[in-house]
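What follows is a set of structures to go through.
Look for chain A in each of the two complexes below; its partner is chain B in the first and chain C in the second.
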Partner chain A sequence: MAIESDVLVIGGGLAGLSSAISAAREGADVRLVTYKQSTLRQASGLIDVLGYTPDGDGPLTDPYEGIDALPEDHPYRIVGVDTVRDAMSMFDEVVDTYQGGHTDTNALLPTYGGTVKPTARYPDGASAGLASDDRDLLLVGFEAMPDFDAPHVAAHLRAAGVPFDVRGVTIQFPGELMDDAKVTRYAKLLENNGPVTVRGRERGARDALVERINPELEDEPRVGLPAVLGDDDAAGVRAALEAELGVDVFEVPATPPSMPGVRLEDRLFEALDEAGGNFESGNPVVSFDGQDRVETVYVDKQDARIPFSADQYVLATGGLVGKGVESDRERVYEPIFDCYVPHPEDRYDWFDEAVFGEHPFAGFGVDPDPELRPLDAGGSPEFQNLRAAGSVLGGYDFAAEKSGSGVSIATGYHAGRIAAQEAQ
Partner chain B sequence: MSDARDPTEFDPIVPNTGEEYEPLEVFPESGSFDLRPGADSCYKCSTCDTNCPVAEVDDDFPGPKFQGPEQWRLKQTDDDYVIDSSISECSNCLRCDTSCPSGVNLAQMHNTARGEYVENQVPKFSVKYIRNRILANYRTSAYFASMLPRTANFFMNFGPVRWAMEKVLHVPSEREFPEFATQTFRQWWAERGGAKVHSDEKRIAYFHGCYSNYNTPQVAKALVRIYEYFGYEVMVPEQKCSGTPMFANGMLDDARRHAETNVESLTAAIEDGADIVASCTSCSMALRNEYPELFDIDGIDDLAAHTYDAVEYLRIHTDVRQELEQAEVSGELAEEFAYHAPCHARSQGLERQAIELFRNLDGVEIEDVGDSCSGISGTYGWKSEKYEKSMEIGSEMFEHMEDSGGTTGMTECPTCASQMEHGTGYDIRHPLELIEAALID
Partner chain C sequence: MASTPHVLVIGGGSTGIGIARDLAMRDLDVTLVEQGNLTHGTTGRMHGLLHSGGRYAVSDQASAKECIQENRVLRDIASHCVEMTGGMFVKRPEDTEEYFEKKLEGCRECGIPAEVISGEEARKREPHLAKDIDKAIAVPDGAIDPFRLVVANAASAEQHGARIETHSPVTDLLIEDGEVVGVEVKHKSGPGIRVHGTEGGTEEIRADYVVNASGAWAGQIGEMADVDIEVRPSKGVMTIMNIRQVDTVINRCRPKGDADIVVPHETTAILGTTDEEVEDPEDYPEEQWEVDLMIDTLKELVPMLEEARTIRSFWGVRPLYEPPDVGSEDPTDITRDFFLLDHEERDDLPGMTSIVGGKFTTYRLMAEKISDHVCEQFDIERECRTADEPLPGSEDFSVLRDYMEEFGLRSPIGRRSVERLGSRADEVLKTNEPNPVICECEGVTRAEVQDAIKQSGSDLNAVRIRTRASMGNCQGGMCVHRLASELHDTSVDGDTFDEAIAREAWDELLQERWKGQRHALWGEQLSQAMLNYALHATTQNRDNDPADGEPVDFAAFDAGGDHVGDASGTDVAADGGETDGY
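So, the complex of A and B:
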């Protein structure tokens, strides 16, 4: 026997969560299994749909307009622009802590690197930081947190020609935190206004931070900080800082490990729970039974093989970085079902010689039919009941296009919905 | 190709930390486990650090990335390097292990580093060593206590005794000592005459561990009744401590001694056609994961491959989920449960099975109180110097429990249960007790 469900989603990133949530909202009995914790912990928390064309033109004002001009085998073209819109509506419904859904226009947000990034949705906590806002801003970094170098970020933003004055200062976070204190440590201290020692006196960390930021403020109406302002109650932390400082406060979207990513992960798993979905993490799917259809997949726990069976399956295991697509010296392949991954035979054709050139490997992934079923080399579905979502799909370069989150949400939504309908 | 492996054989799909990966000798032979592949797989993404409940509250704890891969590297390049004493602040929750996107075996690295630290750097006559050894060998204390359970229950929570324990052994007097049952599970099993159901096809051997034998035999009895209800023959082989508290205190020699007995007796049960099930998720975790990582004993891999959590095994092999959807609970257990998933259940992918099984069960409500660690981590919260930290880690869980509907808690782990009870005053039950109430009572 096996542990059963209508739909089994393999993978716990944005694509897996989107397909599980959409299938559960269709009324299917859904289970999500993920090898490790969600990769959202390594995500900035921004939700891009399309920032640049494959030729590098942009930033695009309207991501949906750009979709028509994409190549036919791009995942957005396969699912269609209406599905992308529906998928983003689902995201807006389940994640009520995000902004940007009111318009089709991309927002422009400053990053840890000081670049300005086009994105479709952004956390509430980042909204006072919009680069299109012409109010002056002060960036405040912490000495022991070198990932966010505020003066450097400010200089970059100035060089990018932002329509406001921006300054960056580095201060010491109150208390004697160790040099590489974790982002969760900062978040917890700020959320609980937890005790820190400042000049021999015990203070609340949040209160003490306000006192250190205050003298740095000139007349900027907004202050940007590293994205460590709380965990469960980020809105509360921000509101408290704003009340004390008398200015708007925002977080600059972070490098990994990222609190905005952690918060989004938490919110999406909550949404899956609310929709009645089941999930589990910690062990990989390693093999399967089946010919035309996938009958059972096996999760490896040490050497025990735990069988899971479902009517429909969604493969959302990630791309080359997430290990959903693998390569060796001979070939590029999908490791669980060995779905066909188109690629040049000679491995020297897999990459470009220029570091930032157009690397073919960036687009490696399975090639799906309109229902997102991976196709074999002959163009027939590998399995009747297996669909793929997110970066295990080929045909797009999310890093260059700034389309990673949008493709994951759109294809996840599409695959999950069809899987649920097929299962019923 | 001088000192590296032939890269054409390199297979990056499988987390390359298992025994199959044998790098050529680059670092000198040490006789202990080779942790290099794990250290090499770490690309410093720091996801483990964001999962560490200790690093979130302790300003001196450098986090799992340091304890594992970095400390291992330091050891390789500096002959005089001694393990940093902060390893003893790690609570062995193993959250880092579950989080690593590269499959680095952080638990194994932590356990070996801690073993080495205790072996080489902790004086054997220090109060801490003696206290930790007593805590780690809970089975021995429980064995003696169970001879006179009523007396033990009185004395273990008797003010002056606890005052003295705090002063002499640094065992915090705030904690309530778990009550010893007046009849152990094994005594009950013997009195009952062993198995009531016999079957050649369906057979399990029960690893009850120390706690459900000495402290909560009702959980063990529930397991027996449920498995017999589903037609299984239950075996109760000879067994010692799973070793979890010993790994956590760096007492690897003690753990190995107990493991040898367990492996021998449980592999014999496997030869008789049984799979092994445990009701405590730290016990199943030890047999499945830590045994093959830390010891090289005949049959240890076979045991790992045949061990399951008791509820997990029912989910795979029986219609328990469908039966529970048809069932109804009334009486004592018709409650609203605040469920906490133990860290060691989480690493086995079992963090949601209680919610899944009971969310549609008539007569009860169940709510997941979130993914925070309970903070006790076995013996960790039983040390005076760690008591406050343990309670600070647990505070998030306590708050979520108090926000939930009822005043009954649920978890698979006995020490999490005692922390939940300690922090909220709730009565804490095991999922097996609820399955029994739904299907059998």
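So, the complex of A and C:
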């Protein structure tokens, strides 16, 4: 007997979670199956909607205005700008640890690479770092954490012309952490105010850190640190640091493995649970039955194939990074349903010569109809009841446009909603 | 015997090279021929476990005792090839108490230091162990680098006058009057081949004695003289993980089984293995199920393995041997002991002995025994010195342990740095500052990068070539910006590299790294390329750096909502930054 639901979502990244939550909010009985941790583990944790046009113009102040100028086959054009707005509203309702919903205008945030980038939503923990905020800024890095070199980032931000003074200092994280300690180790130590030894004395890590930052502060009203300020209770860690330092504290959006990304993923799974959805992770969907409609999909569980049946399906397995789109020497393909993925025949046409050139591979993915059903090579829906969302969709280069999370949320929301309506 | 006997050794694996060193140190004339490169055979395709003997403590105590003895010897003579990680036999709830006790007793009977630790203690040592591990036995297992060990033995053998010919397969045995008197070899020619005297063509090498140490190929050499050597090649898979999930060797505490061991190696962990009889040691199927089995079974010990990425898998073939009358059905029943087959006694064919079976860990002891046997043929009584005399390189590396403690370097990274730096290691790594890893794939630390910058100035490409930074798996995805940060603010000969210089060098290196990847853009590497592109363009906005382009109108962007009560910039520091919204 197959496990049944109205809507089955395949993939538990930003797109899959958004579509499962939107379907559940429509009243459908939803189940989500996902294989591994999603791309959020690598992403900065920022929610970009649109930062640059496909021609590279930007940074755009208003992402929604930019959407009108996108090519017709761009996922945003397919779902329409109003849907994008509705989707972002859903995100704001569901994720109360993010900001930016008060305005249509993009924010600019400093990156660990020393640039600023346009984004539409940012974690609470990053909000004191806005680059359009003209308060002076102190960046503090740790000796043993080469990903975030505060003096270098500060110099780079100055070169970028930010409207405030910015300094960077490097300090040693208190205690005898290994040179290559994991970010989670820092996060846990700060969260528990865990014991570290400083000059022979046991101290709380957070208290000791405050003591090291204090003498570095001149009169900057805000301090930026690498994104390791807590794991489950980031707000608590930040509040404690702010109380003791007497200034605003923020995290500079992260390098992988990304604590802000993981926190967001955790929050979305919670929200799905609250909305009444079911989910399970750890095993991939590997095959399916069906001709015109998908009847059943099979999850591979230690050699057993577990069938899942639903009235409607959402494919949200990610792109090249998430492995929803795969390739070999000969071709690019979607591995579960073998949905058509347009791509140049010669694999030397898949990339541009310049590292930041126009890379066709960045746009690899399925080509959907207005309901987000993947189309076959002849332009007809592959299946009546299969919709796709997120980076498994083709036709846009999220890295260049800075549109990754926005497309995942908007198309996830749209696909989930239609699926729920169709199922009822 | 008037002149010095000349011994010809077939096979450049650990066994053959060990014999060549031993005999050369006993002043015999030695020639070793190997069909491929050194470690071409099983030695280059093994798990890299320096056995404590614990694995054999129940089933094969003679082997276990040899292992612990040789384990100690190798730590002494080959310190630069060994990382003493320590090991554990971990017991899951479903593994029997009875076997656990037997294992412990066995270790004690064999003189293997063994300590029972609680599940909690085991997880303290290895945080990624499964929560339901009951307890464990800690033993002195280690990791060993077979390439470096074989090369060091070869260097030592040559120093003692041996001739070593690689890329020279034996094509026939020379037999005169029913006695083996030498071999015919074919020297291949081509790039990268070390030729000693002869380039290309066939050579007859006459010898007073031939030692067949060709491992899984021993039967093929036997056929050249019409003798049967019943080697039963058995393949095993090893799966390399992209990171080092454990820092100690983790064994499952139960009777023999597939996929029951994880060995940390340099920056990776290697899972193993299977045991499947094959026909031909050069040509056998490498199957997906074997890899899956590694992960699916070993995740019971280390759950995070399931999530982890494998870089690649490789296979090796065990040269198992059993005397003709045993006839085991299952290859796992075949003994891991080694056998010395004197073909004079066995087949009435004087002049040659074969050595088959055994383990890498005990290679030196095997070599000692066979060298004793060879010396007996010539009535030579000379002491074996291989257990006492350190291998070349080992002395130089004795400072390593100090480095690691002093600089807090993770051990394999420390070793890699020292290896790259040779005698300059001391000068370069002696820093009082924290010395984190900049390039994880290649294990390059800050001190090394700083040293390279001192030599090559602001050219990050030159830094790359000197250190190998950005040349690993991720092709600079994770480290190019770190290298730029290392460059920033560094002074060389009075010039300080400012942000603009660092930025230019950064872009140059990104472009250079991209150039090389374009020829491998499918499958995993295309996925990696997309990840790198996203990291650099999306997270860092490197493709639209405002420092390179038009000025940005900052005031036109979001300056914060009501959650950020302090956005106006007034009244901030005084109130302790007590913002609302938490």
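Methods note: the second predicted complex is superposed on the first by the 424 of 424 C-alpha atoms of A that agree within 3 Å, B and C clash if a C-alpha of one lies under 4 Å from a C-alpha of the other, contacts with A are read in each partner's own complex, and residues count from 1 in each chain.
Here, a contact is a pair of C-beta atoms (placed from the backbone, for glycine too) under 8 Å apart; a residue touches a chain by one contact, two chains touch by 3 or more.
Here the structure is a predicted model, which is why all the values come from computation and not from measurement.
In the superposition on chain A, A:Asp180 contacts both chain B and chain C.
Once chain A of one complex is fitted onto chain A of the other, the partner contacts of A:Ala377 are absent, as it touches neither chain B nor chain C.
Once chain A of one complex is fitted onto chain A of the other, the partner contacts of A:His156 are limited to chain C, with no touch recorded for chain B. Contact comparison for chain A: of chain B and chain C, C touches the greater number of residues.
In the superposition on chain A, A:Gly282 contacts both chain B and chain C. Legend: residue contacts after superposition of the two complexes on their common chain; A:Pro256 is shown touching both chain B and chain C.
Of the two partner chains placed by superposition, only chain B is touched by A:Lys188; chain C is not.
Applying the stated contact rule after C-alpha superposition, one finds that A:Leu108 touches chain C and leaves chain B untouched. Looking at the shared chain after the overlay, A:Asp328 reaches both chain B and chain C. Chain A uses residues 36-37, 42, 178, 180, 256, 282, 302, 323, 326, 328-329 to touch chain B in one structure and chain C in the other. Residues 36-37, 42-44, 48, 51-52, 56, 58-59, 61, 99-103, 105-108, 111-118, 124, 127-128, 130-135, 143-147, 149, 151-152, 155-156, 158-163, 172, 178-180, 219, 221-222, 235-236, 238-239, 242-243, 245-249, 253-256, 282, 302, 319-321, 323, 326-329, 347-348, 350-351, 353-356, 359, 361-362, 398-400, 402, 404 of chain A touch chain C in their complex.
Residues 7-8, 10-13, 15, 45-47, 49-52, 55-57, 59-60, 62-63, 98-101, 103, 288-289, 292, 301, 304-308, 312, 315-318, 321, 346-353, 355-356, 359, 368, 371, 396 of chain B touch chain A in their complex. Taken together, the chain C residues at the contact with chain A in this complex read 296, 306-307, 408-410, 413, 433-438, 445-446, 478, 481-482, 484-486, 488-489, 498-500, 502-503, 510-511, 513-514, 518, 521-523, 526-527, 529-531, 533-547, 551-564, 566-567, 569, 572-579, 581-582. Every residue of chain A that touches chain B in the complex is listed here, in rising order: 1-4, 33, 36-37, 39, 41-42, 175-178, 180-185, 188, 232, 256-257, 262, 266, 273, 276, 278-284, 299, 301-304, 306-307, 322-323, 326, 328-329, 335.
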